[in-house]
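Below is one structure, written out as structure tokens, with a few remarks after it.
For reference, chains read A, B and C in written order, and residue numbers begin at 1 within each chain.
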């Protein structure tokens, strides 16, 4: 396969996943914004949402302190933000078009449909009702694209590169969502199980659609270390870092089988995966520190991206 | 005259490139007024120099290099024995048909101003081509001022003529545009010019060293050739108002600068490219 | 203008050979049903994805070229004669190019004037003396034909550079076969679906001899090119990579593409990129679509370009007028397909005639002289004619003139029902090392506007499927 084609597929996967994540982050932040806060404190949910989407400094440079409308517009519609939902879907659609014959008709229709649908929405001053409609539309489109890929594609390198993009992006997003709120996940006795933190914890889980999963897995009230455990180490949760790395290792392995050769990306993915598997949540909290762990992971994950780019996409 | 030429083309990349390809027209060939005693091309990286002859009879070298590339230096050097032939070129390699040299190119397309200028010169100097070309050469020199900062390698004859200044390349382009407009085949020549005044400064350095002294020229020379019935191709240097002498070394010809460009290349990756060219032309084999 | 020849119905009301069944079918199908069928066809086109690019815009919808569901019919006897003529013409074009870039006998013999060739920007000096595998220059030609009578076929234009439209020929047939399987079963219509195989065989046959199992790729300018759909369609049908310039590298005069498994050698490039843009180190230095060093690899004989560089000199409008002489010069035969009679204004008598008959003639500017369009005499006003007369007098060598042809008509389903509309035909001729291949038929273009002679899709033209069958 042409390197350019592989690169286009990889980023197609990443942008679809990024759009989906942005939708979930906006969703969770909107929800959190309805929780009453002590009047003295400024509510920070939009700062967090921007930070989780990796768009905080770009936003601050343009608009200063975030307001709801400005933040939503930036995260969802702004052409100035290359990771806004609109930018993501536009890039994804352009990518899909340039490798159209490599995709199945269902996948093309999903992404092209989402892109056309997007035109109906205008960022400025969107009411809650319309916003919800928009966000569910985006999530559905991503689901449809993902599902079409799963159900209709040949399992060959086209599929693998698309999947690598998905999981690399997803691992990054999960780590960022956790990292933005790492301070509320620090175990300080007074707040456990109640107060404002509770809503923050719920918001984290909601950002990755894992609130229900949490209850199923732990049969317990929300506890910060369990939340971190679920999102980092639980292989059963499709958005956990651990699960992403299981998939990354698998698809890289498939690629090396198909091409009869392995390289730095396979080695990098395996070593990151082993480290995750060999750690525990208490070790992360007590010995390393959650923030340090996540910072290191985000850098590792980026390194894997570079290794894949160098080995296959350049 | 026996002339020794050293021509260094050096690229520096602030961010290293990872691959480069270069096409060189840096090798003079012999004709009656010019004998190439020896000539070599050196590249400071491992590569395979491929050599071919192009449609104009120029010797072309090409090479590719890959791997981390912080810079790239190409040196062409050698000795050429020259003779003053009053600009007449004979026994050179000719491949392209003469008629081809009537063709307009983007760099040599005449605009109304050049056409009017050419027509004026033609009515002044009459139909004898040799007279006409001399007249044209002098008229261009009168009309245009030499200025190294005014133009670049992509400047068209029309633009340079309108602005009234340029370098030898622009003078040659205007000459070619005018000659072709008048129905005479004409072409571009790239090469070297021995300039005693500069050479004297240069010789204060030690020219036996590989390093080319700072006072070197930073560009080659360019002139034009036009077809004169009975004589064949004859050189005209409108920048200096004379036909080439034994101080001239003829390297490559083309329809315009692009066809005879000494170096055309591309790099992959990297950035912050800096190009420096240094040329040293000295006289050898004669006692001072 | 003379009465147009209708390909279905003769002046006495009888049907021409091959059209009887179509007439019956038309008579037995209601307008409503036809409209329904047309809608169905459009849906099929959209589903297959054939669209006429309006890329780059914020267009969600890509337009499709209007498709007429009434096929154009040609008998096998008619086709065989056409096909012999096409083969002859393309053979002569290839010999002509090989000669021009070789010893130029035809210029020495004074058959074609030298300046017409050497001052033509599409004559590429870079090609002089180059030995191409099997001496094939034009592997893919699209010859535009028009018909004016029972036995009168004229070549309007030779396309020897990067002719397009073949994807429409293939898609039109695909759609027709899905919609009218019965008609195909009853009438044994010659298939066109072998075209991709024939093209691939042609391309493989002209690979440089240095390589046993040649790799073929299609070079496209990219998604913003108006024919990008066709490029990706063909690459897909041929099972070859669709590459852009940035996918290719030249390493030591070998062309390679960057793949996920490393650099891979390419032996044949079916390029749909114009000469000018192929190699910034040889042609336009500002081209970012090309491959630096490609011409050096080409000159070294390490890659075949299809079509070759510099073929545009053969399809020039002025050179076209010499085609009958060119065919005679190389093949010693008379041209089977006629040229439209042409007055070359460069010739004094012709010029005088043209200036006196501007009202009846179509005046065209030859390539390489600016492209200020053309004058259609019968549709022009006095001012336009005067303006052209002025231009012709200033630069007679830049102009040719032809009579206004009455293009044949075919029944076409339009707003007001079924009505005759003017058509042309572009068959595709493939020249390989082994033989010439032509799939029967080609792309029929139809001017949907009543009376219009302009079949271009950008100006209200549509397409039809072209059926070659036993009458």
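Of note:
By our rule, a residue touches a chain if its C-beta (ideal position, glycine included) is under 8 Å from a C-beta of that chain, and two chains touch if they have at least 3 such contacts.
Just so we're clear, the structure is a prediction, and the values are computed from it rather than from any experiment.
Closest to the protein's overall CA centre, chain by chain, comes C. Contact analysis places B-C first among chain pairs (by count of C-beta pairs in contact).
Of all the chains, the one whose CA centre sits at the greatest distance from that of subunit A is B. Subunit A and subunit B, compared by their mean Cα positions, are separated by 59 Å.
Subunit B and subunit C have CA centres that are 41 Å apart. Chain centres here are Cα means. That of subunit A falls 50 Å from that of subunit C. By the touch criterion given at the top, residues 47, 49, 60, 222-223, 232, 235-236, 241-244, 246-247, 257-261 of subunit C touch subunit A in their complex.
Listed in rising order, the residues of subunit C touching subunit B in the complex are 104, 114-115, 117-121, 123, 125-129, 249-253, 280-282, 285, 292-293, 296, 299-300. Per the touch definition, subunit B reaches subunit C in the complex via residues 19, 21, 23, 48, 50, 52, 54-56, 60, 62-64, 66, 95-97, 99-100, 102-104, 154, 255, 258, 264-266, 268.
Of all residues in subunit A, only 1-4, 6, 94, 97-98, 100-101, 105, 108, 112, 115-116, 119, 157, 161, 255, 259, 261, 312-314 touch subunit C in the complex they form.
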